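What follows is a group of structures, each given as structure tokens.
Next come two complexes built around subunit A: one with subunit B, the other with subunit C.
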Partner chain A sequence: MKKQKTTGREEKPWVRRLLIGISVVFFLIMLVFPLVEVLYRSLKDGLALYVEAITAKNTLSALRVTLIATVTAVAVNTFFGLCAAWLLTKFEFKGKQVLSALIDIPFSISPVIAGLAYIMTFGRMGWATPAIDWLNEVLGTDISLVFSVPGVVLATIFVTFPFVSRELIPVLQAQGSSEEEAAAMMGAKGFTIWRRVTFPHIRWALLYGIILCAARAIGEFGAVYAVSKARGKTFTLPLEIDALYMAGSADSITQAFAVSSLLVLLAVVMLILKQIVEHRGKREQ
Partner chain B sequence: MKSKRSVIPGFGLTMGITVAMLSIFILIPLASVLGYSFRLSPAEFWELITRPNVIQAFATSIGCAFAAALINCVFGLLLAWVLVRYDFPGKRLMDGMIELPFALPTAVAGITLSRMYSDQGVLGRFLERFGIQASYTKLGIIIALVFVGIPFVVRALQPVLEKLPESFEEASMMLGAGRFYTFRRVILPELMPALLTGFGLALARGIGEYGSVIYISGNSQKEGTQVVSYIIMQKLNSGSVDYEGAAAIALVLLLISFLLLLVINLIQIAAGRRTRQ
Partner chain C sequence: MYVEMKHINKSFGDYQAARDISFGVEQGKLVALLGPSGSGKTTILRMIAGLEHQDSGDVVIEGKVVNDIPAGERGIGFVFQNYALFRYMTVYENIAFGLKVQKKPKEQIHKRVMELVQLVGLEGLEKRYPDQLSGGQRQRVAFARALAPNPQLLLLDEPFAAIDAKVRKELRSWLKEMIAKVGITSIFVTHDQEEAVEVADEIIIINEGSLEQMGAPTEIYKKPKTSFVAQFIGTSSVLEDFSGFKGFEDAPKGRQAILRPEFVEAFKSDNEKFKSLISAAEEGVIREIAFRGSYLTLTLEVNGILLTANRSLERRPVSVGEKMCVLVYRAYILEEEDAHIYKNRMLEGVDVEAL
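Right after this comes the complex of A and B.
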């Protein structure tokens, strides 16, 4: 009889080495090189230009708009995600599948369409524009929902809409509803059940969803590009990068990479946070 | 057994909030696009979406996204396999960085890839030696879409690979099957639903992608490197505003996305049914 060392789940060493080798090469070329490239290009013309780029008036204004959009989108989508996940995992009702699929729409449609959709609703030709104008007149305000900061915020909310709910639903599903049912039978009120029974189970998934949502909100380009036209006023960081890059001079391209390096840094921080949260979440389960 | 009326409170409240927010932020704006394109007569609509540059853009977007999703299936499977099955230095770093394309803003990825693959860039110069031009060609678009799509496939496969029972492969080996045969006939069929889901997600993302593509593609009509999102955006830009055209093209793009979403959901439902048995 042939002596068998492996359990039938292992490849020959050379196959394994080859597979790992190809993976590492792919990983380096596709994912690591671009990061190095950004950092190299941002610093290759010296620190002075770098500092000038990231402290420029337009960059700071873009940073402000990005922060506003990200914080609002995270807040709105977290609230929505908690409600939607509760609804979709604790109750049985008709049309549940459809509702679940509708929530996922922003995942699979072009962000450019998101921008277009808001322009067609609230833009100059949009059907909701008279209503907004009327509201502005009554309230004495001057709010515009496209080509403005609120427009940028709306477009950001659109593209990140399902991010929190998507992370919460599988966790709540795996959890089942028996604990909440028991709490309800014993007379606990809705919010108490949520806070004392449900929340401890989902906090890591919630944090995870928030991180993904924030990362996407910070970096959104297509949707925001469609509804934001004023540099230094309604531009976000990715739009500022685009403007600098498209200006085309060697200096402005280096500046585009300098601003990009900030976002690369943020992306890496997000990934590390995500890794920590994922790890803690797994350990607690 | 779940009773029809749940004892858990909050059904009405969460239903109200969910439906209201979904309508305000997603459904009503999307309905405006529908409304806008229905203002066009069928003949006008047809004329707008069958213009040569529009058809070419659809062919480019779908073709490149398809090619990139296929490439991602191969490398995604490889990466997921290596990350789940083997131990090697740097594995945790690799696992953590797989999602970089989700975290990195698409515009940053776009300008960086464009520079890297241009004839003066690190990788562009390398490819040049073989007579291959990447930036400003369809190859460039595919490279950008491989970048944005890779996490979809890896993350779809990893959990399934982790849960694959050992007994399947052991039984296969006991029956005398070689390793590759086992992979092809035993493991791959088990991974198929997840692989298709990952493929579908990467494809859907690729067809609508904007930020990471527009810099590396060069957006030349002559070279056929304009993608659909670029055409829509062009019609929104001041100077040549054409809302009707944008809405008509967006509607077609939406239909393609919905079809893909439907197929992905059907695959997942079918896979769920299979494992529950």
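Right after this comes the complex of A and C.
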């Protein structure tokens, strides 16, 4: 008798091979070749030019702005993401559905619109400008929210807002609240309960959300493009690459690829981190 | 009274989950909250614990109103329905949690945890995580964890619900023994009357958010106060009109009656033992015989009404269609919400219990 396999569905071998083939070809054309091309182009004119490109003043400035924006966005969104996920899963209140939908807005509207909206709100003509001017006067500061680093940071926060909370919500929902109640019955207070009981459940999901958030923050183009106009001051890496490429000279294009390779490197690091976190998270389930 | 509930009301939206609940539990007693699913048992337990807040009424523990005292400070141990063990902590850490929260010194914690591990028989499993334990072992951990901080009151929500039927009986007597050993006042929720009767000193019957009756198991069984209790406890059949029966002529007409198999005696007309009572018996025909393992359940038709009676296997064999004498000792007659016991008048002066 033929040996029966236990998996109910059995595809014909050629179907499987065809599907694998399509996937691999697609993957090569869409991802691998372009990335290899980036690396190849960046090193084409020699290592000296490469090093020069990534140590140029504008590049270093862009790297700095990118890192500032990413770190701030991750910190802020981790905090608000935790609060929002907590609120949405552990409490019942009016308008919960609305809040839940609002969190997803950055997923559904174009980042450019987000950037423009910031200009409309905080720019010269924006309604919030008088308030900011007043604040600057009182505090003796000179903060401006558009065409400045704070503006870039805000735009980045906006587009990466949902990542952390969206990762946490399903985990918190699945956990329910009886473990927390058990801890409360034994006299544990809010923060202890959070640290000892809730956090262990969500740590991998949280880390995963943070990585996604960081990856998106590093790569964001549209939203920061709208609020950032000063090369060498407020440009992020993606904007700097665009500027170099648009300059059009052979050298600057090579430089654009060199800077791109930096981004690719960051992306690969993120990807590896993500894989590790995903794997460890699954193992603990 | 150690624990007292005084006129407790609680609503979820417009659904009233507890209606004017009042009862008291004496120190050292093991009490069951018994009722059908959705009747409000868990809600009552959670209000005692402080996990849910009543809309009105007082919860009193040791003579002190605890309405405004948070759950963690009421000195209560709680065993959750699904145990709610901390999944990312070992058995040891689970049991130690409450003591750590109290900032007890390490050696003291260790001593207490090992003491409890031994008490519940989990030696050698301290380093396991909850998902590496069987259902029964998890229940033991939950029990030990709740007891670790030395609570004065133990609340258990359906402690056996997640355990399969075979082990359940074993664990029941285990838990009863443990609670007696520790000597802690305990209230547990169940919807299984056999469990309540077997384990509890006293039973509180809850139906649709109201307290129907509280009392010792035998009292609830023998003297149900409400029609709900009469029907809910024991195996009972409901008869629409019972007033025509011999010996029950003075029972009110047109009322429902509840008969349990043990209220009915069926015997053959040549039976020596019941000879003197034959005049009090009706005539019936066996319609059905069911074998119950250690006894038979007969379904008898009497005056067009079907009754059930149990019959020991030691007695003479019977067959379907056979004519029998059917004697009804007593019945619960239902009036509105109340249940009243009516005894067979023709048996007055007869020592029924000696039969």
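Heads up, the rule we're going with is that the second predicted complex is superposed on the first by the 277 of 285 C-alpha atoms of A that agree within 3 Å, B and C clash if a C-alpha of one lies under 4 Å from a C-alpha of the other, contacts with A are read in each partner's own complex, and residues count from 1 in each chain.
Heads up, the rule we're going with is that a residue touches a chain if its C-beta (ideal position, glycine included) is under 8 Å from a C-beta of that chain, and two chains touch if they have at least 3 such contacts.
Remember, predicted model here, so these are calculated numbers, not experimental data.
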| item | value |
| --- | --- |
| Which of subunit B and subunit C A:Pro200 touches, first, second, both or neither | second |
| Partner chain(s) touched by A:Arg280 [first = subunit B, second = subunit C, both, neither] | neither |
| Which superposed partner A:Glu181 touches (first subunit B, second subunit C, both, neither) | both |
| Touched partner set for A:Ile113, first subunit B, second subunit C, both or neither | first |
| Touched partner set for A:Tyr245, first subunit B, second subunit C, both or neither | first |
| Dominant contact partner of subunit A by residue count, subunit C or subunit B | B |
| Touched partner set for A:Arg231, first subunit B, second subunit C, both or neither | neither |
| Subunit B and subunit C footprints on subunit A, overlapping residues | 181, 184-185, 189 |
| Touch list for subunit B against partner subunit A, complex | 2, 4, 6-11, 13-15, 17-19, 21-22, 25-30, 32-33, 35-36, 75, 78-79, 81-83, 85-86, 88, 90, 92, 94, 96-109, 111-113, 115-116, 121-123, 146-147, 150, 166, 169-170, 172-174, 179, 182, 201, 204-205, 207-211, 215, 228-229, 232-233, 236, 238, 243, 246-247, 250, 253-254, 257, 260-262, 264-265 |
| Contact footprint of subunit C on subunit A as seen in their complex | 178-179, 181-189, 192, 196-197, 200-201 |
| Subunit B contact footprint on subunit A (complex, rising order) | 7-9, 11-12, 15-16, 19-20, 22-24, 26-27, 29-35, 37-38, 41, 76, 79-80, 83-84, 86-87, 90-93, 97, 99, 101-121, 125-128, 154, 157-158, 161, 177, 180-181, 184-185, 189-190, 193-194, 212, 215-216, 218-222, 225-226, 229, 237-239, 241-242, 245, 256-257, 260, 263-264, 267-268, 270-272, 274-275 |
| Contact footprint of subunit A on subunit C as seen in their complex | 49, 51, 70-73, 76-78, 80-82, 84-89, 97-98, 101-102, 145-146, 148-149 |
